[in-house]
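Which chain is which? They are A, B, C, D and E, in the order written, and residues in each are numbered from 1.
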Amino acid sequence: MKKLRKVYIALIMVFLYAPIALLVLYSFNDSKSRAKWGGFTLRWYQELFSDKVIISSLMTTLSIGLLAAVISTILGTFGAIVLYQMKRGPRNMMLNVVNLPMLNSEVVTGVSLMMLFALANLQMGYMTLLLSHISFCVPYVVLSVMPKLRQLEPNLAEAAQDLGATPLQGFFKVILPDIMPGVLSGFLMALTMSIDDFVVSFFTTGSGVSNLSITIYTMAKRGISPKINALSTLIFAGVLILMLILNLKDMKNPEGAKKIEKVKIPY
Amino acid sequence: MDNNIILSIRNVKVVFEDGFTALGGVSIDIGQNEFVTLLGPSGCGKTTLLRCIGGFEKPTSGEILYKGENIIPLPPYKRNINTVFQRYALFPHMNVAQNVAFGPSLRREDKKQISARVSEMLELVGLAGFEKRRISSLSGGQQQRVAIARALINSPDVLLLDEPLGALDLKLRREMQLELKRIQRESGITFIFVTHDQEEALTMSDRVAVMRAGEILQLGTPVDIYNEPESAFVADFIGASNILPSTMVRDHLVHFLGTDFPCADSGFGENNPVDVVLRPEDVKLKPESDPANGVVGVVESLLFKGVHYEMKVRTGADALLVHSTHARQVGTRVKMTVAPEDIQVMRKSDYSPDVRARKGEGGAQ
Amino acid sequence: MDNNIILSIRNVKVVFEDGFTALGGVSIDIGQNEFVTLLGPSGCGKTTLLRCIGGFEKPTSGEILYKGENIIPLPPYKRNINTVFQRYALFPHMNVAQNVAFGPSLRREDKKQISARVSEMLELVGLAGFEKRRISSLSGGQQQRVAIARALINSPDVLLLDEPLGALDLKLRREMQLELKRIQRESGITFIFVTHDQEEALTMSDRVAVMRAGEILQLGTPVDIYNEPESAFVADFIGASNILPSTMVRDHLVHFLGTDFPCADSGFGENNPVDVVLRPEDVKLKPESDPANGVVGVVESLLFKGVHYEMKVRTGADALLVHSTHARQVGTRVKMTVAPEDIQVMRKSDYSPDVRARKGEGGAQ
Amino acid sequence: MKHKNLMSLPFTLWAVIFIVLPLCLIVWYGVTLEIPVEYTQITLEDGSTAYKLEDGTIQTQEPWQKKAVISFSNFKRMVEPTYLKLLIRSLRVALLTTLICLLLGYPVALILTGKDFKHPSLWMMLIILPMWMNFLLRTYSWMSILENSGILNSWIASLREAIPAFDQFLSDRGVGNKIIFLYNENAVILGMVYNYLSFMIMPIYTVIEKIDHSLLEAAADLGASPSKSFLRVTLPYSLPGVLEGVTMVFVPAVTTFVISQLMGGGKVPLIGDVIQNQFGKSSDWHFGASLSLLVMVVVLAFMRGLHSIDKEEEVQKEVRIF
Amino acid sequence: KISVYNWGDYIDQETIEMFEKETGIEVEYMVYETNEDMYAKIANGKSSYDVIFPSDYMVERMIRENLLQKINWDNIPNVVNIDPRFMHQAYDPESQYSVPYTWGTMGILYNKSMVEEIPTSWKTLQDERYSMNMLMLNSPRDTIGIALIMAGHSLNATDAAALEEAKQLLIEQKPLVLAYVVDEVKDKMIAGEAAVALVWSGDATFSMAENDELDYVVPEEGSNIFFDAICIPANAKNVSGAEKFIDFLCRADVAAKNYEYVGYAIPNKAAIEVLGADEYNASPVNNPPQEVLDKCEVFKYLGEETKLYDQVWTEIISEY
């Protein structure tokens, strides 16, 4: 049984990582085309750093991604709580409204936001790009925080306020730590969505601001440069290392003990 | 208005969304440094009343005055009132010390001082050395004590305690009772205490409010409540009692169990139906042949209760609960006598056994 | 091996990951249809022992035999043992009826039959008509009763009850005690019961196991435990007691509080240090001038306890707890006497007050 | 009360500006049609021709301007079988994707919260991480694996060479030299499952992780075997997470477009592709808007139905965090 | 500072650096994927660019809608480098608004080892022998356009009958098609995924460089010829900078450098000299036979009629 579980997870991992492995491989391929193995090379890595467009897109992607994820996490968590506290009727209505952007085709979201910014007479650029990313990330955050709120021990917030915490203090000291997994997964989701988004970004950005997705998509016409594979490999390695470091720290910290308690879950 | 009254609850009603009336107009004035206990059966609205005072439940109607000022619009954290919750509501992601230090650390008090106070509080509740323990590794009683320490450390004006000693063993419970009582006296904090233990209520309180189905039936000092219950329900609830449908023959003479008994009460008219309440410890057992005025019965069951034996003595259709330090074997015939001052006569209420039987009301609720 | 023994716990040890020894080698044999109560202070390992029996905790060492077979490797769901958990563990996503029906519906019993049984069980615990209620809308006591019904409906061979009546008011508690006792007798189910209420333990049990710090100190019938405690701790825990360091002058004569008292015990040698345990209700108060053999003291405090008054009477450095149905005002000088058969002499243990004082041990833990 | 309304104000405001307003714009586009403005040709004083528009402006160029008029003709066009067929296929593909994601993802969440994995959060990160590689690159990678001349086919070919029995086995079943994995609906579904799996796992994991352990103990105590206790306690308890996961997969899956193009080789077009086209090559924003309104309504109705499963009467206590 | 809005990967980045160094004008370089995307952003008016690269029909549309400004040729002396036969095209008859940047054709890319004869006719795309071995373009205008040519109509036909004929042709062809692709065609052809494919000449150049087995032909029935032009939007902020940039791009050495990077045929005869005319003309991509070229048509902006194409195309692909 235990073996089976591990094998299953391993298979899922293979599924998830097979294309990534290939991507990494391509980054060392001495041919511009995916279809041909032209021998091992590091030249894409060299060229990568001299490509102004890619580097600046990378910067935009990262800064927009992080900013949008942080802001939408704050906004979304706040929103989830506001929704959670509403009476059932208005809450369901608001929930539907908040989920609307997810129902839209990306291009519709992109175009409608573009029209919105035009109405507001905003010059397309970094700000509009950021705003649009925030706006499509928030529903995902709300969606991941909501279930955690439902699982909350109802007296917890009360206990905090009872002890003199203002609602805000109570939130930060008691509620937030408790719903943290939901908030974190919301943040991750937002970051992921933002980094991966092309369509909405395209319509809502303006001169001078381009993210990686836009650069990559527009490259497709002429063949995606293996430089992008090299970049992806670097990002991947970076995040992986960062993650391992963070987790190693985590293992040393007493919180690790908390996990051991779970040993008895029967499945 | 009385200067000493710190909390004044005026006709507070709570009707839940599903239409259930949890409190049906409760009024009570609580004095500075008073120890008031709410006593009542499960589901009678004790917790709901505390939640109204704490600010977690908005009364459907009524007023709650704190030092003369209506605090209903005030959020909980602006009330100088702390609560020990019935189900503890400890913060799961903090250890014991962090839980206890929550209040003071909010007020940004000096860290060293806080940690000294935390140790002091934990010492007080018998958990010295538990500072670093995770909440989930504590036993039920230990968790409860952490909850008490967490509330006490804030030295609030009013402390609400919802069955705070419920999970403690008798010995610890006694110790904590004395400790809480001492704290209350010395600190000048007003305690509003919920318990289902009548002995606890009688021991600790300045006044006891007996509640039933969202109403306060009787409010008074422990001795008043115990000795002069105003209704059969209170009498029964405050200590196991025998409630017998009776007839007041005339002043100072009441008829029950087929016999006339002299009694201390008067003013119920003549030949009126009343209830008589007999405490089990007030019924004395004599040999059957004893000449005293009494009723003969057969011991039906015998239970050892430590301090005394509890017997059920049957006479005709009725069975009386009797406490005695001497056991009588099951089947023994005995004569039961009661001193006139131990007979409590009270007006019929819906709690009278014959009324309840007619209504078809079952056991508890 | 005894045919009647259904559960045999052999030297069970539980050491938690943080090194804490919650059970230090517990052994107990439990007979078919027996009602055994675990009694002990908070944190002594009662819940842990139940969890071992239920299968939720793997003992670090030792054996648990069920009908002669070691069940330690068996998962909980394969044991015909049900538990009423200390903190209820009701399923929040199901309503009351669904919670109660959980066990039977797992066994795919007939739906109609199940719902009839559920109603019956809810009736039994006084929650008739609560079928459709959400768990979160129940009061503490109501939740506890649902937990009881949920376990009872399965008619297991062994039922483990972890302070099942903890959140109930006295009246309901009494009723439920009788009800549980009746069910146990009639159904033939073996009950292992945890309580912190000594009266409850004494009333309901066939045998009581008094635990302390992961060990069973004494196991016996309620009367044995109450009347012949083997150690000062048991005596104290089973009912508030006065424990006095004394000297056995010779057989049938013991010296304490500066006075020689005739007593029933013998066999402790001559001039040996012993402990004497006096129950508060066994100490009789006489006027100071009474000629009987006794010690004179001053009433230091007076508490109304309903059934009796509790007084602290000081004599020299010692203060005795005394129960009496007659109150003596604080400050009154009284003579305390004890009948020889009410004096319990026992060997010194680490619980003796002088030993504890030397160790600097505080209050409870 | 007032205080609570105050707290909800900023969020509501945000929702109105960034959700409701853009939606209104889309609705406006959806119910309008652009038609050329009317004009008359006039001759200016200097003899050159000019054009006078409806609103009186005069220009020398032949008018290209359009005006928007309210019209529901787009909705009529929408219900033609061509589009309905695509919509139905989109729904089917999205449903299948969601189902597969659920079946694949739920066990992952369950196993990771279980006892074998000491650092579930690390594993969760590992599950998200692939999604940080660009979508197009990931999908191209899949194509390299699955193409007729791709890695999988070349592995199968070398396997066939190495093991004649295997070769025989495949040939007997009429499998050609190259197995066509791509360019069909299955490939599209594979692509979608790949891209959305993480979004299914994450919310389910988050919920299961928080299940009160004592509930599982209680279930076991009452005689529920691990599988039963899963069905009766864990599963219903994790329903909010499942619903959320289903939403996060199903909803974007209905409107996705690039995956169907790349993995399906353009042979399995979805409604998303058509919508995308209206805003792109076909330049018919009005029809695009109408189509997306249709999709929105359908998905909304679907989600409604789904959430009625979750009839868990929530605690309607006054929950106050702020 | 000027803002340049171009197709993705459609310029050699080094030339931009050269320009910046030479003129001191900073270039803000942005990319788009389709003409329509670019159009939406320009028409929206909230983004301003100084130099854009629309294709023929888009130039036509933008001229009509007043979105382009006339170019002051005095400021672009290098325009003399442009081969006059590429000026004065139908989309900008008076060459007032646009400078041609690149041009190309649509044709068949084929794998020499997989075909039996050179596919010089569009009929190849209906040949059973290439069943599940041919790739078509997933682009309504282009694919329907080719079908129209096959049926003997104009590439820009809008009458229902012609379109219906084209539609039937494509529906009949559908079972033979391995996939309808866009940019992926290059990788697939390089990998030998299919024998023949409908491609734009630029993609052919790219693919042929990676796989020697591949070759390109513009079928004899004629085809589409397209131009990507350089224009200045009406709302450009830095017109003089834009003019300098356009002039720079028309310089022989720059155009040659860009050709080498981009791979599309160029209209710059001076640059072709620099590159070596013989070598340049050897490529079938750059130099299709003149008689075929004469039959080639440029896409016209069809306005409302675009919808018809879209409708027909959706009907074709939704067939299942």
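What we mean here is this: a residue touches a chain if its C-beta (ideal position, glycine included) is under 8 Å from a C-beta of that chain, and two chains touch if they have at least 3 such contacts.
This one's a predicted model, so the numbers in the text were calculated from it and none came from an experiment.
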item	value
Where subunit A and subunit E overlap in contact partners, by chain label	D
Core chain by centroid distance, with centroids computed from Cα atoms only	A
Top-ranked pair of chains - ranking by C-beta pairs in contact	A-D
Greatest separation from subunit C - chain, by CA centre	E
Centre-of-Cα separation between subunit B and subunit A, whole angstrom	55
Inter-chain centre distance, subunit B versus subunit D - centres from mean C-alpha coordinates, in Å	59
Distance between the centres, which are taken as Cα means, of subunit D and subunit A, whole angstrom	16
Sites on subunit D at which at least two other chains make contact	140, 144, 149, 217, 220, 226, 229, 279-280, 315-317, 320
Contacts with two or more other chains, residues of subunit A listed in rising order	34-35, 111, 115, 154, 158, 161, 167, 170, 217, 220, 257, 261, 264, 266
Residue list for subunit C, restricted to those that touch at least two other chains	18, 56, 75-77, 87, 136-137
Parts of subunit B lying in touch with subunit C, wherever the complex brings them together	16, 18, 39-43, 47, 86-87, 123, 126-128, 137-142, 145, 163, 166-175, 196-199, 202-203, 222-223, 226, 236-240, 279, 281, 303-307, 310, 323, 325, 362-365
Residues of subunit E defined as touching subunit A within the complex	3, 5, 7-10, 13, 28-33, 37, 40-41, 44-49, 182-183, 186-188, 190-193, 202, 206-207, 210-211, 262-263
For the subunit D and subunit C complex, residues of the former touching the latter	212, 214-215, 217-226, 228-229, 232-233, 236-237, 239, 312-313, 315, 317
Subunit D to subunit A touching residues, read off their complex	4, 7-8, 10-12, 14-15, 17-23, 25-26, 104, 107-108, 110-142, 144-145, 149, 151, 194, 197-199, 202-203, 205-207, 209-210, 213, 216-217, 220, 226-227, 229-230, 234, 240-241, 244, 247-248, 251-252, 255, 257, 272, 275-276, 279-280, 285, 288-289, 292, 295-296, 299-300, 303, 314-317, 319-322
Residues of subunit D defined as touching subunit E within the complex	36, 61-62, 64, 82-83, 85-86, 89, 140, 143-144, 147-150, 180, 182-183, 261-262, 264-269, 274, 277-284, 287
